[in-house]
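Have a look at the structure that comes next, please.
Should a chain be cited, it is by its letter among A, B and C, assigned in written order, with residues numbered from 1 in that chain.
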Amino acid sequence: MDTFELGRIHPTAVVSAGAQVGQDVTIGAFSLVHPGVEVGDAAVIGSHCVLGEPTADLYATAGATTPPRPCHIGEASVVRSHTVVYAGVTTGAGLQTGHRVTIREGSEIGEGVRIGTLCDLQGDLRIGDHVRLHSNVHVAQHSIIEDFAWLYPQVVLTNDPHPPSDTCLRGVTVRRFAVISVGVVLLPGITVGEHALVGANSLVTADVPARMVALGSPARITGRVEDVSCRHGALEQVYPWPVQFRRGYPEGVLPDASDISGP
Amino acid sequence: MDTFELGRIHPTAVVSAGAQVGQDVTIGAFSLVHPGVEVGDAAVIGSHCVLGEPTADLYATAGATTPPRPCHIGEASVVRSHTVVYAGVTTGAGLQTGHRVTIREGSEIGEGVRIGTLCDLQGDLRIGDHVRLHSNVHVAQHSIIEDFAWLYPQVVLTNDPHPPSDTCLRGVTVRRFAVISVGVVLLPGITVGEHALVGANSLVTADVPARMVALGSPARITGRVEDVSCRHGALEQVYPWPVQFRRGYPEGVLPDASDISGP
Amino acid sequence: MDTFELGRIHPTAVVSAGAQVGQDVTIGAFSLVHPGVEVGDAAVIGSHCVLGEPTADLYATAGATTPPRPCHIGEASVVRSHTVVYAGVTTGAGLQTGHRVTIREGSEIGEGVRIGTLCDLQGDLRIGDHVRLHSNVHVAQHSIIEDFAWLYPQVVLTNDPHPPSDTCLRGVTVRRFAVISVGVVLLPGITVGEHALVGANSLVTADVPARMVALGSPARITGRVEDVSCRHGALEQVYPWPVQFRRGYPEGVLPDASDISGP
């Protein structure tokens, strides 16, 4: 038996008759596609994935009769192996995931988003277009991540100011083009402004204004992003990052460097 | 082929004739149940799981003849997809796991416990009743987590004071109702007292007394839990947390608020 | 159907005719072995694994005709369940992995290496012989980890000094016998010297010289490894660690204690 063929559903995959699979879709070995799932044209679903995972109320109500919320995977997406996408998730065209990603119900995800290996999206959250989550990012419920933001490995977005509680949950907002470096924890209700930068391993306990750099535990504002210099002298200006980095974005979606380079 | 039906073993699952499966058990697609496993009545095992994973000595001894240690999954549990539970694990009734949890041999787990996505339980450890581990908690061997404790994402319990070594391993003890916030590392041998609270991203290098708050790297005692105030003014008292949070526990298991609210 | 038998390919596994499987190899249930993979003699591949995962260019070029890069798993290895090894990876004899490990293309891995559960190796990296990665270690592209190094849970090796960029990537180098404790982040281009020790939760922003201890955020040099004392009085000397720890290494590969114990 072949292990993989583009544009084909592997014979070991189990695809519900109640799922809608577009043209030229690939579904890998040992993947499971539940009823109510729509997979857009030319999407590639890796092996050992689950699309349309039932939400917890299924077990609580002993399989009661409400149909599952729909799960829509955008066209031309690549969903890598062992990923679980719940019922009640919508993703735009061109999603790319790493391996073993979890996306829970109530997640709305824009176009051209990349979500790295082991990321854990807890649901009831919004992610804009062209966002990049590197490996193992934890995104709590009620988070908002706007277009073009970057979140690096092991970043955690929280939502509970005095856990456990449920009266005071506040999500984190990461604005357009903001960069959250590796290992950062963002406390509940924090907003990180447009084009802002948070340094590695920081604990962010207060809002970070647009175009500012924050660093430390607790994080302090250390300057403007325009003043970050290249450690190796290779770049004249580093931030806002689209002045020097444009790889992997569709033609025309990033702003011109001159429009964002700053004062 | 159906993708899932409550109370049924999916036709693609591989269940050993040497396993005991209770009444009304669900086993998902592509799951593997080894000999020696007992699954309690009405348990739901997700897809792509492994129950009764062989311990390392199997490979060291080239498949020698000792039977596997038993693996017991309590009744009415929900074990989500891609989870691996080793031979030599016992879990109480009503376990709920997220996805891709690992529970190694020698783990004894009480009733009503929840273990989040990506948690990694290294075995030879004890977890009491109604404990909550959020996502991606790492629990070293020799850890003890008592009833009603909460551990948040990316918490790490260690056991080796000068790694690598094997003469001086000491587990961490988290006492009843204690709360360990996101990203905390607990050094070997530490005890966190009953109803204590450790703040986000702390490195805990000394014991935390009962009902105290610890914070920072290294963590310092900053006050009593009764004095933590609600950031949003919505709650009169926040800790000990059962004074304001009771969702998800069976009737009658939590103490009355008046019995724990403190001096 | 049996769930597992040493030396056998499980009937549910899908193994390409274009893969080469050695003598006495075990392949677990629901595993997928792509064309171009070579599995060495007596290797044990767990269930739900993927060997020879296609690299991203496959999707970009719509299945173009270049054959996949080879993927070689060394003899007598144990690769545990849900692990993904890409095309373009070479591992030496005696590799042992935990569960859900990811090893991407361009990784060259020596003999006798252990890689814990959830580790994420981003590819284009080199790992020497007898290296130990504990759980959930993130290794960026261009990293070099030399023989006998130890990396503990949730360590992150980075490579981008001002993310996102691609002109200035610099990998981290961890030299022979170095120990990186739990939760440490190593910034791009850092070298941690031979026999050095980095304490828990540190952020390493400058090189750590051989046989020195570094600690904190940012990490400071706090002394010589020979001067670290055993917290429990059980060991006369703790570091360099081979003076007191030798479990799990083949006969003769570790240096004599007297040759490394220091001045």
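Simple rule for what comes next: a contact is a pair of C-beta atoms (placed from the backbone, for glycine too) under 8 Å apart; a residue touches a chain by one contact, two chains touch by 3 or more.
Quantities reported herein were computed from a predicted structural model and do not represent experimental measurements.
A.B. asks: Do subunit B and subunit C face each other with the same patch, meaning over half of the contact numbers show up on both, or with different patches?
C.D. replies: different
A.B. asks: Rounded to the nearest 5 degrees, what angle rotates subunit A onto subunit B on CA?
C.D. replies: The two chains, subunit A and subunit B, differ by a rotation of 120 degrees.
A.B. asks: Measuring from the mean C-alpha position of subunit B to the mean C-alpha position of subunit C, what distance in angstrom results?
C.D. replies: 26
A.B. asks: Provide the list of subunit A residues touching at least two other chains, using ranges where the numbers run on.
C.D. replies: Answer for subunit A, listing residues that touch two or more other chains: 12, 30, 48, 82, 100, 118, 136, 154, 217.
A.B. asks: Which residues, counting only subunit A, touch subunit B once they are in their complex?
C.D. replies: Against subunit B, subunit A makes touches at 12, 14-16, 30, 32-35, 48, 50, 52-54, 56, 58-59, 62-63, 82, 84, 100, 102, 118, 120, 122, 136, 138, 154, 156, 158, 161-168, 170, 185, 187, 203, 217.
A.B. asks: Residue numbers of subunit A touching subunit C in their complex, please.
C.D. replies: Contact set of subunit A toward subunit C: 1-7, 12, 28-30, 44, 47-48, 78, 81-82, 98-100, 117-118, 132, 135-136, 150, 152-154, 179, 181-183, 200-201, 216-217, 228, 230-232, 234-235, 238-239, 241, 244-245, 247.
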